[in-house]
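Here the chain labels run A, B, C and D in written order, and each chain numbers its own residues starting at 1.
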Amino acid sequence: MPMKKFINAPENLTVELLEGFAEAYKKQVKLEGKTVVRATPKSDDKVALVTLGGAGHEPALSGCVGQGSLDASVVGDIFAAPGAPAVVAALEATKRDAGTLLIILNHAGDVLSGEKAFNKAVKAGINVQKILTHEDISAGKDAPLEDRRGLVGCVVLYKIAGAAAEAGKSLDEVVAIAERFNENMRTLIVGAVPATHPANGASLGELADDEMEVGMGQHGEGGGGVMKLASADETARIMLDKILNTMEVNSGDKLFVMINGCGATTLMEQCIVLRAVKNLLEAKGIELVRSMVGEFLTVQEMGGFQMCVAKMDDELIALFDAPCDTPAYTVK
Amino acid sequence: MPMKKFINAPENLTVELLEGFAEAYKKQVKLEGKTVVRATPKSDDKVALVTLGGAGHEPALSGCVGQGSLDASVVGDIFAAPGAPAVVAALEATKRDAGTLLIILNHAGDVLSGEKAFNKAVKAGINVQKILTHEDISAGKDAPLEDRRGLVGCVVLYKIAGAAAEAGKSLDEVVAIAERFNENMRTLIVGAVPATHPANGASLGELADDEMEVGMGQHGEGGGGVMKLASADETARIMLDKILNTMEVNSGDKLFVMINGCGATTLMEQCIVLRAVKNLLEAKGIELVRSMVGEFLTVQEMGGFQMCVAKMDDELIALFDAPCDTPAYTVK
Amino acid sequence: MTTGLDYDGLASVFRAAAANVRSGVDRLCELDCATGDGDHGVAMGRAMDALEKGIDQCSTTSIQTMLEGVAESVESIDAGSTGPLMGSLMEGIAESVGDATRIDTRLLATIFEAGLDELLVISKAKVGDKTMVDALIPAVEALKVAAAGGESVADALAKAADAAEAGAEKTKQFQARFGRARNLGERSIGHQDPGATSMAMFFRGMAEGAASRENS
Amino acid sequence: MTTGLDYDGLASVFRAAAANVRSGVDRLCELDCATGDGDHGVAMGRAMDALEKGIDQCSTTSIQTMLEGVAESVESIDAGSTGPLMGSLMEGIAESVGDATRIDTRLLATIFEAGLDELLVISKAKVGDKTMVDALIPAVEALKVAAAGGESVADALAKAADAAEAGAEKTKQFQARFGRARNLGERSIGHQDPGATSMAMFFRGMAEGAASRENS
């Protein structure tokens, strides 16, 4: 089947997307080359947050640029990390005494570019620290780091670290908070309908008409368990159980839960899943203290969702509640 | 192909969806029966805004409830208007001296229920006025009212009228502003991939693998022109031309443009389309003064988008820019 | 032979109508798929459930109270066009029945005419517009003729059902001017209107209910 | 027979490598479809474009300046893993070439070894991990042996290409430990690694370029 997407020449996808994105959200962001930065930069005495990653996951990652979250998102190409020089340039541009936190998602290309850029920035005397998100638990709790991919949890981490930076915390403090949330969070993806690569029409993954995969990679790389399609309640239970099995959660604990639609799965379904999660947690005496539902990190028109769960403490909750103003998420 | 949706028993769809929705957005909204109302009601001296409509279009219509927009959204069932009594009850509940504006979208069931409820409310002595949105131009500029359906423009009208109400304007003033925007706006839908009815798995509409329909109805009722799939730039040009043909727009005028994804069409594509619109307008010397891009009113996982264009004046722009806090759209 | 329907008689005739409509839910959805959004069977099924709920929940033996309850219940369903239309029909019927304890053919014609009038307040459809009105108007006409001729309720309803079915059949030739089918324009010609079809089934069910009562 | 490659010779050998890799873009994408995300051909195509752009844009006749430009250009592509890996390889080469005006077999072995070392700083892969390193390490070894044996640049590169191809072939037996293929676990066995394959094509192209220069 031919691709049914509204695009122009595939080689211009990323640039055209970014131009339209910057126009649509010009109150919040602007474009510098292929790097999305805040329309109104943060003051120099506050820690800057920089991230990098491929396009095709809109609104993420660039949708998290804005007041109370990221300062810069260095964009590569569709599903492809940017080269290190662009990341170094972004770190140069946001350079400040307060320091910069570089947030890297655990995907091969992102890590290679990110680490390379980090090393160069350090050599160039920039005050920068880095953090690697790796909350995918599809490979199990004790899987080696390489198997724990960075998924949608980064969106929440940006927001929490961003709020800490906005509050004037030092780089070390921002890093400590980001690391705490990073260690607290877990994500699992269920896929039901594979996406289409927008540049060449290739189908990303394969699933039979009655199958879903719990633990599917972000781009359908697989690695999870293929099973028969289940109801919303049953799917929520399977995923929540797997996630809670990797955490120490006790009655009375407070959990954040995000249901992130991958593209074609409707907000209707996401809400029905959140309801199921709430009921399951309630039965265990665990408080669903905050939640996010919607499309934050998509994979084109993939059917499925990511469930991200994190243990919260009062400081993390306060940072989560702090105002922010980004294309993907605004808190008044 | 079996339906690949994460749902439970189809007969519980709407109720479960609303429960999850109210949980996800509890800072902004709460549930009263099947009516979504503001978590913190507006003060009594301000005009209230009430709307009604079927579910399955999330985040709309209930996603527009909150500060600076709607006060209540009376929800029916999937794609089915609520009965009149629930609408009357919502009008009773929001009753106030300042008065209430009932906003009805031009769809058979909504109009029948809405008018009936309106008549009963008037008989019961409630100070209420009504407005009918009907911005679909797929049937042509001079088509009878019945052919001009109410599409995504309602989302913007809620926001503008809501800002006027929040500013303390009288009911007559709010109605006048809403009517002005209502007359100014035009919408056209292009469909490429039909949606699946979530309760029964039926496909809503039919399109060949290389076809799209410009002027497709909100639920695939059809009535537009089926044509070969076109590029983003070409599709934008076709739709914008059709829309501008029904308006009096001159060089120097200021236009609002919304690109609303129907479900499966990605934000990437929506941004690319907005870019195309901006370039087309620029060539005509028309200013793209404000825009909205994203999924505001969806039809499940339908592929396609709505293009809504409205001529703006300074007052409408200021009202559009005013703060609001709703699940679907927040302005800080 | 008793003349007309008492409280129980009216209730059982309505239940028979509900049963007959319910037997056609799938067919009604299929008809609505062709010209609308495929849910008319679901909507009518809900309307019939609501109708019976209205009867079940009536705690008096007053026909008027029962009909008011039915009207309110039918009106309250969330079912697109069908709720307000069928709700208005039942409202008009309830408002015009007065304190009657027995409904003869003359009163039957009167209350259905009042129901039709109430429906037309919101419907705005005329005969030939390819809506449920295309079945309802001939059915009401038939009731009036039967009342003038002094026929029994069962006979009157049988003739109303015949007329409604003929009206529904004719909608195939029409181009839709209301509801979702309208947007199809000429493409709607050739398809039978789901609303007219369910209206005919409603009358056929009432007729069968009345006949089996008279024969029992 | 000249000993080694001067500025133009090196440029033409690199261009031949780029041409050879480009001829395999579709095959590389197919290989990456099996174990990754299907874009390695696109990524290597971009890397080769960048390599040639680096050569084109060099305005001096200094080999070092040309190589630095190539490294910067390759590193700058937005192409997932390939950009940083190929970029590091070229960086190591550029940094170790010094002010040489001619590259003999010994220097060739030295700079490729430095390139490998630079790549390994970020790669962390070992032989047997099913990556481009499985082709690159044997190729560099072959260059070193050839240098010790006093062979010509063309002969050395031919042997390096043979070794790289053998290394790429062997990746079929391995389970992936890096890149996207890693998540496939045992399912990755049986498939040839795209990165190792493109690396072998790169050496084969260089060898052919050097041979045709020697014969001309």
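One rule holds for everything that comes next: contacts are C-beta pairs under 8 Å (C-beta built on N, C-alpha and C of every residue); 3 or more make two chains touch, one makes a residue touch a chain.
Note that the structure is a prediction, hence the values are computed from the model and not measured.
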Just curious, how far off is chain D from chain B if you go by their C-alpha centres, in Å?
55
Using mean CA coordinates as chain centres, what's the gap between chain C and chain D in Å?
80
Intercentroid distance (Cα basis), chain D paired with chain A, Å:
33
Inter-centroid spacing, chain B versus chain A (mean Cα positions, whole Å)
29
If every chain is a node and every touching pair an edge, decide which shape results: line, ring, star, complete or other.
line
Pairwise, the chains that touch are A-B, A-D, B-C
Within the complex, chain D is touched by chain A residues 14, 34, 54, 75-77, 79-86, 107-109, 112-113, 115-116, 139, 146-147, 149, 197, 199-200, 202, 204, 217, 219, 221-223
Residues of chain D touching chain A in the complex
33, 36-39, 42-43, 72, 75-85, 87-88, 122-123, 177-180, 182-185, 187
Within their complex, chain B touches chain A through residues 1-2, 4-8, 13, 16-21, 23-25, 55-56, 58-59, 63, 67, 190, 192-193, 198, 209-210, 212, 229, 231-233, 235, 259, 263-276, 278, 288, 291-293, 295, 298, 300-301, 303, 305, 323, 325, 330-332
